[in-house]
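One chain, subunit A, appears in both complexes that follow, with subunit B as partner in the first and subunit C in the second.
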Partner chain A sequence: MKTNTLNLWFTRFLALAAVCTLVGCSLFNKVVESISAIEKAQLVDKYEPSEQYYLGRGVSAVILDRYPPIEIKNAQTERQVAYLNDMAGYIERASQSVTRSALRLGDHTERDHDQQQQVYDLALYKGVQVGILDTEDVAAHGTPGGFLWLSYGAIKMCESEDELAAVVAHEMSHIILDHGMANYRIAYKSEVRNSTLSDTWFSGSGAVSNFGRLCVTYAEDAFNGYNPEQEFESDNWGTRALTASGYDPNAMVAVLKRVEAYEKAHDVDPKDYLAHHPPITERIKTVQELIKSEGFKVNPASQKPEAVKARNDRFTAAFK
Partner chain B sequence: MYRLLLLTAASAVCLLTGCAGSRGAYECEHRVKQSGSAHYRTYWEDGETVYVRISGEAPAAVLLDEPAPFADPVGALYFGQRLEVLDDSTTNYVLVSTTGIDEPASGWVWRPALQRFRLMASAGQTDRLETHGGEHAATILNEDGATFRAVSFTNPEREAYAERSENMRSALKRVDEFETGLAHAMGTRWRVERYREFGKAGGLLDE
Partner chain C sequence: MQWWKKFPWQRLLALLVVLAVVLAVAMTQVRGDKMYVKVDSSSPDAVVQSSTDFFDSKPVGKLVSNQPVEMLDETDGEFVKIRATVDGKEVEGWVKKIILQKKPLENKPRVSESGAVENASFAAPGFNEELENGMRADSPEMATALKRIDDFEVKRGKLLGFDAKAEEPDMAPVLQRYRDFAAAGQLKD
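Moving on, here comes the complex of A and B:
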């Protein structure tokens, strides 16, 4: 009897040890796998809003090293930043029902089911945060986590609030449609890239320096602009968002024509961000066809003279 | 010995089956409606516990009195807050109630602001680990069922490590200054009210 009891306890002990070993191995392997991923500075396949936000801060840091932001230190700059952020926040909310389906956005990009679900579930940890770059260059950069940087040059290129809204809607779509992450994965196989800047800023290896190098890699990718397919998709989503927000969808065409004029007036440097965009005439034509085929109508109330004046007055007060 | 081998084999089978079962349940819980874009959205069961996945500073971290983007705010939400789903029959919003030590309140919240797991900044006690998404992500569940990323960008310490670079430190300082200045410029009003006012003043939103 006593022997049987001992055998039973011994058996239970061994069984428990076997289970613990299996569970322990599983845990250990997963932790090692995760640590390995960060040491290689690869992006996870699925990430949380907070993760995107912290990555976005690092990417923004690199962007602000190249283009210093305006300092928000007086009534004028406060008004400018508040105006831009009210506009972006308004558009983001008003466009919550706008489709995020790659197929419905013109079928320019490919997403598998998980990626498409990721886009539909995408939320911004602190919302859209728009800052102004203190340069006359035409530049606009969206980062993961909701940072949107617009240059004075890009803002002043616009002649109305609706046109500025078109720029904001287009750039916001890069964030909401997860273009940065997708582009990074495709271009760099989700690994960090060595560059002069990353070597200068971060020496050594390991998870510590690799997080910083990842930010640099991503930011340098952002400087080059998104790929042509993503630009077409953003034009599509941006035009839909403008319509959903009550703005004139034709403002997207108008602002693209201003970019076209800018390109003709300036010798665009091959390294410049605009140089990586698809041909502007093709983009204009595609947006015009979209407006026609979808039957986007201008909101009559928003086109009343007093409404147009109210928008352009506040735009002028902020930036002209 | 035979009994031991049998028991060990049974344990292994149970473990594997259990893992498969829990993953199956996980996927079942993440059911998706099979029509149009709704196919890709995550839906919840009535009575299910969910958690807020965005910062309390986010404009979307708010309970609204109606399932509409510019509805009136009725309460604030914070990161990691536990909520109970009351109604998940609309497309973009979910009716939830707050639980725990706070005064119970209910309202509509934007769907992507919610998730099944509570994210934590640090590990604490762990007893289970599941893959979450792809091969490079892992989610650890502690004894309360709370979760966090094993190694990822969630932890602000990761950023602090990056600050060991003098260049990165000074550049991140600019981001800090921007966020501080922006918060001051936007004030403490509900953002949803600001946005609604912006739309109405520009003739973009109906009165």
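Moving on, here comes the complex of A and C:
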């Protein structure tokens, strides 16, 4: 009797061990699969600065196919390109400590912990590079990897260096805050849209064609502008960067008012770049409130009449 | 017998010594952590600075992509102090924290040609010069457009005072341009 009971318990134990092993193996496999999926996702989500730079070159190539850049061929165009690059390089350097936290930038956009970390860690492979598009259309495009393309139309809309700095700071923020890549991760992870241009440029298969189609898709999306939440966030970062660089933060309001006037005067086409931005009156109000609530002060030294004149003289010499 | 006479003091002492050694080794590790440069040598951020004050700092050396640097135990805002070998000499100075990463750069395509993850957009990681050259060969339109970017980068470099085609251009003059720009515009506090 005693032996039978022992045998019974031993059999039960073996059965339980077998069940546990099966369940354990299954669970183990699932855990391994999950870890592998996570690692794979991280692999494809994490871009090194050099990768962002080469993607930016590809996207810029498509932008320059639509809007040819100015030819740097004489003293005036040289002055313009050097001036813009000095300004952008200085703003980027001076705004090093400006927050990149979505929460502190007005909580307009949502970034999970990993996405936020990517923004904190974002470094530009070769710094900011600013080029000029030879068109009177108001257009500005920041690409991954630090390329910033401003149209003559956008530059000439500004009436002072501080206003131009506001445009540069706003556009730079789209790069620094990883807006383009964030949109790409959400929208294009599963497929790259076929378009006439991508089909014309790349008809084959394989990694090279895939990269090519990706660049074209990305650029075509960039022509439509960023989403409203990202525009609000960029206004916020741009205003902080202006202040950190010694420019007048109110220049952001001034330039938004010029955009408002431009929209009214030109009856902006819904397919146009500016049509995808949020209502301009809302943006103006939000920036005004930000300046007030954060107590951003105008740098007294940089706002002395002789200082303003010095900046506007070089702005006029370059573009007016 | 009192309990302290029975207590294994020698073992406790040995344990403490081991702990102290482990702690000392760990602290040395933290101080001397190795990190890798993730930006190109043509980035102004690759210049090692004597201080974290943009206007008062002097260049003490330049870093190249993927170069290992030793972390020193000092930070200041967005900057960290490092030790690195530059042109055969050891230098110490400040760089932006974000230009460093723990692992060396992979710098190679991370998916197979057929698309191991089975769609085109996943192919983005691994984007490099080799793939860009492939795009040039595949598409004359892309080749023409990329040539414009090449020309732009070279001319821009020349305007700012560095050779964009050089393997290790000196970017210190570019940082000086930024300082001069700010000073001429009276933007400095």
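We take it that the second predicted complex is superposed on the first by the 275 of 320 C-alpha atoms of A that agree within 3 Å, B and C clash if a C-alpha of one lies under 4 Å from a C-alpha of the other, contacts with A are read in each partner's own complex, and residues count from 1 in each chain.
Basically, contacts are C-beta pairs under 8 Å (C-beta built on N, C-alpha and C of every residue); 3 or more make two chains touch, one makes a residue touch a chain.
None of these values were measured; they are calculated from a predicted model.
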When subunit B and subunit C are modelled together on subunit A, clash or fit: clash
Touching partner for A:A261 - first (subunit B), second (subunit C), both, neither: neither
Partner chain(s) touched by A:S101 [first = subunit B, second = subunit C, both, neither]: first
Which of subunit B and subunit C A:Y184 touches, first, second, both or neither: second
Residue contacts with subunit A in the superposition, subunit B compared against subunit C: B
Subunit B versus subunit C as contact partner of A:D65, first or second or both or neither: both
First (subunit B), second (subunit C), both or neither touched by A:Q116: first
Partner chain(s) touched by A:E306 [first = subunit B, second = subunit C, both, neither]: both
Partner chain in contact with A:P49 - subunit B first, subunit C second, else both or neither: both
Partner chain in contact with A:K126 - subunit B first, subunit C second, else both or neither: both
Touched partner set for A:Y247, first subunit B, second subunit C, both or neither: both
Residues on subunit A lying within both footprints (that of subunit B and that of subunit C): 43-44, 46-51, 53-55, 57-58, 60-62, 64-65, 68-69, 72, 78, 81-82, 85-87, 89-90, 93-94, 96-97, 120-127, 129, 131, 161, 200-202, 207-209, 211-212, 215, 245-247, 299, 301-302, 304, 306-307, 310-311, 314
Residues of subunit B defined as touching subunit A within the complex: 3-4, 7-8, 11-12, 15, 32, 37, 40-42, 53-55, 57-60, 69-70, 79, 91-92, 110, 112-113, 115, 119, 126, 129, 131-138, 149-154, 156, 158-159, 161-162, 164-165, 167-168, 170-172, 174-175, 177-179, 181-182, 184-186, 191-192, 194-196, 198-199, 201-206
Contact set on subunit C toward subunit A in their complex: 38-40, 42-45, 54, 65, 77-78, 96, 98-99, 101, 105-107, 109-115, 117, 119-129, 131-132, 134-135, 137-139, 141-142, 144-146, 148-149, 152-153, 155-156, 159-160, 174-175, 177-182, 184-189
Partner subunit C, residues of subunit A touching it in the complex: 40, 43-44, 46-51, 53-55, 57-58, 60-62, 64-65, 68-69, 72, 78, 81-82, 85-87, 89-90, 93-94, 96-97, 120-127, 129, 131, 161, 184, 188-192, 200-202, 204, 206-215, 217, 245-247, 299, 301-302, 304, 306-307, 310-311, 314
In the complex, subunit A residues that touch subunit B: 11, 14-15, 18-19, 22-23, 26-27, 30-31, 33-35, 37-38, 42-55, 57-58, 60-62, 64-65, 68-69, 71-73, 77-79, 81-82, 85-87, 89-90, 92-94, 96-97, 99-101, 104, 113-114, 116-117, 119-127, 129, 131, 161, 200-202, 207-209, 211-212, 215, 245-247, 299, 301-302, 304, 306-308, 310-311, 314
